[in-house]
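What follows is a set of structures to go through.
Presented sequentially are two complexes of chain A, the first with chain B as partner and the second with chain C.
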Partner chain A sequence: MTATLALKVEGLTKQFRGTTALDSVYLEIQPGEIVALIGPSGCGKSTFLRCLTWLEQPDDGFIEVAGQPFGRERIGAVVRRQSGREIDRIRPRIGLVFQQLNLWPHLTALENIVRPQIVVLKRPREEATRRARDLLARLGLADRAERYPHSLSGGQKQRVAIARALAMDPALMLFDEPTSALDPELVGEVLAVLRQLAEAGTTMLVVTHEIGFAANVADRIAFMDHGRIVEEGPARQLIDAPRDPRLKGFLDLVLSHRDGPAPPLA
Partner chain B sequence: MKFNFEYLLSVMPRLIDASLVNIRLALIIMALSVLLGTGLTILRAAKLPVVNEVIAVVISFVRGTPLLIQIFIAYYVLPSVGLDMRPEVAGVAAIAFNSMIFVSETLRGGLATIDPGQIEASTALGLPPRAIWYKVVLPQLFRRVIPVLINEATIVVKGTALLSVITVVEVLRTAQQISAASYRPFETLLGAALIFLVMNLVISLVGKFAEARYAVSRA
Partner chain C sequence: MRFDPWMLLDYWELLLQGTWLTIRITVMALVLGYLLGIGVALLGMARSRTLRAIAGTYVEVLRNIPFIIILFLVYYGLPFSGVRMPALFAGTLALSLFVSAYYSEIVRAAILALPRGQFESARAIGMSPAQAMWNVVAPQVLRTIIPPSTNMTLTMMKESAVLSSITVPELTYQGLVIQGNTFAPFEVFAAITLIYWMIAIVIAETSRRLEARVGLAQRQSVTRNPIADRYLSLERRPAR
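For the complex of A and B:
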């Protein structure tokens, strides 16, 4: 396959004061693919997302976004760390939706989506506004554009955060536990939005506890434990026939907390 | 000597004229102290090793000594190291420096209330550090500290009265000159006090409007 990968991660390593948070992680994501990243808490999933966006500087390893080296690049045998400015320029190619959403409370929903386009991508205001309104309409929030974040529901805020990231035309969207900060009745709403994005061909890496979502919507699942991706494969296959004993244990634990089998979400 | 209301009224026009000096100086001082205080806050947030320790020493000096002494230093001591300033300039410099420290301390306190997640989100979207300060942090910070800044503005206005001791002819000095000639300190000083009261009531009123205006978007 010669198509440019949306994301290529090689040997990503991160240590915090002696403890290894990420232990040489390899991952490739094709354009349009949806990968779910699962694993017990503390296994390094969040650190992985933070390193992918260079919010944490990985100690070692390489990241490529849509064929473009990010953070570190190899020039022959020499490894060069990119400058803050270079990193900032590539950052919008990866859209990160935080667990806590982190909308700007002093700006309306519309401005939350418009401002970064103007400041970072230097788009004219009219174009940025048009894109923002399109996205809000697509996500069913056309009538909430002028609201401030504190007057939006959790699910609405989440959709604004998604729109804010999408407006930057990312090659890849990262989601950090998109459902865990929400009230249970909103989980379905957010999963529906993710499914909608999936149908539109958005490339996504989703850190999730929703095994049901992982099984039904994701193309592939990667299971992480102790800072390593221990097993990865097609979603259904990985859940129905896990090979790694740790993955088996994890799935048993997660699925036993439900009453019976996971309900189909579609 | 009996209090003479007529006399009080008769000195008011001169005092009101003199108040233009206080208003002008207070505006310059507030503009300088907000500007410099913001800059100082950004500098301190960069957490440069030696710089913050030097700033800490300066802060403890400014906070721990009377403003009046700081004004004297600016006017009488600085010329000996080659900084010879006109009374107004020395006075503005002294009060602005003092006020800058308080503005910076206020902003630093407010900084702790800005959710670091917002800054991470901005970083992840590719906003450069400058834009994060100007578009994300400072707009929210100033909304939060408006009440404290209003308070600081009233302190600055009252502080301009201290400049009478370094020969700036403002409201208090004018009042002193009038009373020295007429032997009627009661009316003239009361008149001067009334002028400061009115100026500060206006500031409080502006502050109320500003707070109401920005309360809408507060999280």
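For the complex of A and C:
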């Protein structure tokens, strides 16, 4: 395999006042690959995504995005911390779709996508607008461009958030629990969008509770527990024949919950 | 004794000069105070503990001493450390310092009230802290700070009357002068009351228009919840 990895994480470690949130995490993602990251809540999944985007500074370890070191780099035997400016320059290479989406409510859907292209990538407005309209059309939102986020449905907001990240031409898209902030009936809509992106060859790392999505769309699943990736492998194989007892326990819990009677309405 | 407001007509020039100076001082202190206030607010959210402590002390000190003492410190106190300035300059500076402490708290509270994800999503996409502030935080904060800033500006405008005590010839000072000439305190201060009141109305009206414009530009605020909106709205809902 000679192609440059979309993402290469080595020994990523993060501690919060004594508790270890990430314990030497290793992960490699090939271009075009879709990896689902699953695990019980509090296992470090969100911290992992925040460290990958340098919103949280990892204490140790290395990140490489499309062959480019991010945050820290090795020059011979010396480790150098990148400056804020260098980090900001690489950040658009990683598209993050937040769990809470965090669209900017004072800008229209279109402007949410156009503004970062102009500010960060210095694209001319016409080009940025063309790109944004193109993405909105692809995601079925062509007629929602001039709307403000508050007048969009949850699923539409999410697609705007996805378009905003995609417009930066990232080498990798990160999704933090893409289905959890939505009404249950919208989950199918979002999964369809992710599947569409997958078909277009987008590289994705998806933190999710949707075992169904992980099993059907992801190429690979990584199971995280207590800040470590305990087991990883081809999606089907991992779900059908888990080796690690903790993964077994987790899958039992999630799958029994899914097949059991519908939970009472909250 | 009889009430004779018409004699004030002889002094209209002084009243006009005083009014004009009060307006100029207020506008200067508004601008300077806001620049200082924004600086102190950003300092108060800095990563460094020392910088935060400096901003905190600044606000605490200025908010907890009477304005007239700030004024005396600047006008009579600073010359002892070799800084000597004209009364008008010292007065405007003191007023700016005074109001900046409150403005900075208004700005800081408005920024902190914004969900953290707003700033983070701007940073994660590659904006620098300054770009994120300018493109994402500032436009959203602008609207929330207008009403409390208006209150503070009104207070500050009224507080500018204290500058008369260091001989700045603003409205109150001119009133005292006229009163000295005419021995008619009631007429003079009734007129001055009216003038201050009119200045206050202009400030409040300007702020109202500004708020409407900003609100129009950004339609709905973040915090408006659609359900609450439906129940709080005064628009007629279709009958069931």
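One rule holds for everything that comes next: the second predicted complex is superposed on the first by the 259 of 266 C-alpha atoms of A that agree within 3 Å, B and C clash if a C-alpha of one lies under 4 Å from a C-alpha of the other, contacts with A are read in each partner's own complex, and residues count from 1 in each chain.
Keep this in mind: contacts are C-beta pairs under 8 Å (C-beta built on N, C-alpha and C of every residue); 3 or more make two chains touch, one makes a residue touch a chain.
The structure presented is a predicted model; accordingly, all values stated were derived computationally and were not measured.
**Q** In the superposed model on chain A, is it clash or fit for chain B and chain C?
**A** Clash.
**Q** Considering only the touch criterion stated at the top, classify A:35 as touching first (chain B), second (chain C), both, or neither.
**A** Neither chain B nor chain C is touched by A:35.
**Q** Using the superposition on A, tell me which residues of chain A are in contact with chain B and, in the other complex, with chain C.
**A** 53, 55, 84-85, 88-89, 91-92, 94, 96, 98, 100, 102-106, 115-116, 119-120, 148, 150, 164-165, 168
**Q** Can you check the complex and tell me which residues of chain A touch chain C?
**A** 53, 55, 84-85, 88-89, 91-92, 94-96, 98, 100, 102-106, 115-116, 119-121, 148, 150-151, 164-165, 168
**Q** Which chain A residues qualify as touching chain B in the complex?
**A** Residue positions touching the partner: 53, 55, 84-85, 88-92, 94, 96, 98, 100-107, 115-116, 119-120, 148-150, 161, 164-165, 168.
**Q** Once bound in the complex, which stretches of chain B touch chain A?
**A** 115, 117-118, 120-129, 131, 135-136, 139-140, 143, 216-219
**Q** Show which residues of chain C lie in contact with chain A when the two form their complex.
**A** It is residues 115, 117-118, 120-129, 131, 135-136, 139-140, 217-222, 224, 226 of chain C that touch chain A.
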